[in-house]
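What follows is a structure written as structure tokens; I'll ask about it next.
Each chain gets a letter, A, B and C, in the order it is written, and its residues are counted from 1.
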Amino acid sequence: MSFFGLVWSWLVDPTHWQGSDGIPTRLGEHLHLSAESVAVSALIALPVGIALGHYGRFGGLAINLSNAGRAIPSFAILVIAFQIFGLGDLPIVLALTALAVPPMVTNSYVALREVDPDVREAARGMGYRELAQVLRVELPLAVPLIMAGVRTAAVQVVATATLAALIAGGGLGRYIVDGLATQDYVQTAAGAVLVAGLAFATEVGLAGVQRVLVPRGIRLLNAPTAPRTTTFKTA
Amino acid sequence: MSARVFLDYVDPWINWSWLSTHVQLVLEALGEHIELSVIAIALGLVIAVPLGVVAHRNRGLRLAVLGFFGAFYTIPSLALFALLIPFTHLSGTTAEIPLVGYNVLILVRNVLVGLDAVPRDVLDAADGMGYRARARLLRVELPLALPSIFAGLRVATVSTIGIVTITAVIGLGGLGSLIDKGLIENFRTPVVVATVLSITLAVVADLLIAGAQRIALPWSRPS
Amino acid sequence: MRSKRASLWLVGVLTAVALVAVACGGSTGGTSKGTIKVGGFKFPESSILAQIYGQALARAGYTVTYKLNLGTREVVAPALKNGDIDLYPGYAATDLEYWNNKAGEANGDAAATTAKLNTHLQSQSLIALTPSPAVDQNAFAMTKANQQKYNVTRLSDLAPIGSQLVLGAGPECPTRPYCLPGLQSTYGIHFKDFKALDTDGSATRAAFKNNTIQVGLVFSSDGDLNSLGLVVLTDDKHLEAADNVVPILRKQVATDDVKNLLNKIDAALTTADLVSMNAKESLEHQDPDAVAKTYLEAHNYFS
């Protein structure tokens, strides 16, 4: 049987779909870790980035944060978190959050900055108070770019969560790490296929969410331009 | 989700006596790390620039290149290593293929953005002055696209240096091997040393490229 | 002008080539008795043993190269078979059960186990030497707190409460007769869950610490069990067989000279030696080669 045949057999083998080392369990662990990390990061990063962007303060810091964050090696952060906190979800979520916050801050800062100053003026002229201005005028315009930042960070969190297996964590990375340890390269390849599949699904899924969240008028406005401004890869 | 701090482990974050007796080990790891990184960045550049130039002219190719490498970029490095091992085994090649692939995406995007940004009237002027296609590319378009390429080079470099640490999982050296050592032996010092060196290396490389841009293209400002 | 520059280049290149040739060719000063490639598993004790064998052989005049921390037996054994390494420090019973495809032949007698091991190694042009009195077996430990909580001292005490406990070990444990399958068949213990961690490493210790696992695989010669508050449960039904240290080599390098030296080393090696050397490595962070060197110097390199 060819190698691809072996990997396929591994993936369709019913015993690999049950138990604590089964695909559903590992997938669940992976999603749980990723979702938690993205949620916590967004909770921290978005308000900070939006506030900085709205007031136009500390721009240099906000923009360079993602550059600085890019320099932090994910494997190292995970191991350091493990050596401080031991086993469990906490070190993994902490490490993943630390990695996801910088690009989210930068993207939301830039997103707010890009709002046309004329629009801001108009809003102020119409009598919007500060918070209302942010929420009802600037944010809707900034959503595409903010969502792009969240999407990029989320895909990288899902990718980096694969490394959690190196510090005895769960998730789909378990198949790759355990396979490497026992030289079972069918298992590693099967794990890799699952991980890659999840990464794609996250990318495509969040693109769909972005489509839903962005008001139609703004989507049309931004249609020709809206490239990913920050490229970000941690794993 | 309970977590307890390792209270009875009095392992300091940096054990200076270990560090002073293991300078060679650290330097070897650093050297291998630099080597792996440089190869990935150089190959990425060598592939991305011509590819970007050709893709710039051809809309279909542009979509195909961005689509293919974009998809590649989504896949975590560890997964790509795992998929390659049966074919290229535990070697530098297995490590370099994903690293180069990631860099090609970053750099091709920047080549395209850079070429896109060349103003139409500059192109017309060049045509008017008699530049033929190849000369126009080499002497007008690419130089104007350089700031964007430099920006991409900085991102690719910093990114690569970070991801090279993961190659330790497939037995390669580099600073990741120090992290692995610290993990296996419950020893903090090699992990801290590797982290500090990796970040420093990334910052230094970034500054060097920005500096090179300032020298080579004094009319442009590194972003 | 051009030819002058060209000839200068030529001279420079030839000189460089000559220097490189001299450097590469003349590196080994005296006559070497041959090259031996020593391999080891991915845990510190294996590196220490490999270094002990290697440094002693080097002292005796062989050219020794090392390929340590290769991985589990799944990596090391094939490496020996295809000549990537010539020698590795094995463990009699576990190696027998690997090389005989889990036929279940090992027992508590080191000599008998090694003899059976050799019958399987014969056909692969490999040989195991005389086993050492030093033993390092799989051992199952609990934290002192859990031991008191569940009131257990022996492995058979775990049988009735297995479903409340999680076992932690390396990922190869579910396939090793002396690990999970053995606990199930010999002791009738069916754990609530198995967690793949590492082979007696920091992840296993971390798992003990936060009670992710209640029973974990350690090695009987670990040097840090006491300081971590871990207690080994007695193997009252003798699941673990004679895992005495025994070098396994390719017949090609198994000359009488080599065999005598390695057997001398093994005869003198004790379990207490393993424990103290492991402690130096895990608690003091000494390197395996330094630990091995200290040991060999104390024994005058067995020359």
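Keep this in mind: a residue touches a chain if its C-beta (ideal position, glycine included) is under 8 Å from a C-beta of that chain, and two chains touch if they have at least 3 such contacts.
This one's a predicted model, so the numbers in the text were calculated from it and none came from an experiment.
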Q.
If you tally contacting C-beta pairs for every chain pair, which pair wins?
A. A-B
Q: Specify the chain most distant from chain B by Cα centroid.
A: C
Q: Averaged over CA atoms, how far is the centre of chain A from the centre of chain C? Could you give it in whole Å?
A: 41
Q. Approximately how many whole Å separate the CA-defined centres of chain B and chain C?
A. 37
Q) Taking each chain's centre as its mean C-alpha position, how far apart are chain A and chain B in Å? A) 20
Q | Set of chain B residues in contact with two or more other chains | A | 2-4, 6, 183, 186
**Q.** Multi-partner residues of chain A (at least 2 other chains)
**A.** 82, 86-88, 167, 177
Q | Where chain C touches two or more other chains at once, by residue number | A | 198, 206, 209-210
Q: Using the touch rule from the top, collect the residues of chain A that touch chain C in their complex.
A: 20-21, 82, 86-88, 167-168, 174, 177-178, 181-184
Q: Spell out the part of chain A that touches chain B in their complex, as residue ranges.
A: 3, 67, 70-77, 79-80, 82-91, 155, 159-160, 162-163, 166-167, 173, 176-177, 179-180, 185, 188-189, 191-193, 195-196, 199-200, 203, 227-228, 231-235
Q. In the complex formed with chain B, which residues of chain C make contact?
A. 42-44, 198, 201-202, 205-206, 209-211, 227-228, 281-282, 285, 287
Q) Can you name the residues of chain B that touch chain C in the complex? A) 2-4, 6, 8, 15, 18, 22, 183-187, 189
Q: Going by the contact rule at the top, pick out the chain C residues touching chain A in the complex.
A: 71-72, 74-75, 170-172, 175, 193-198, 203, 206-207, 209-210, 212
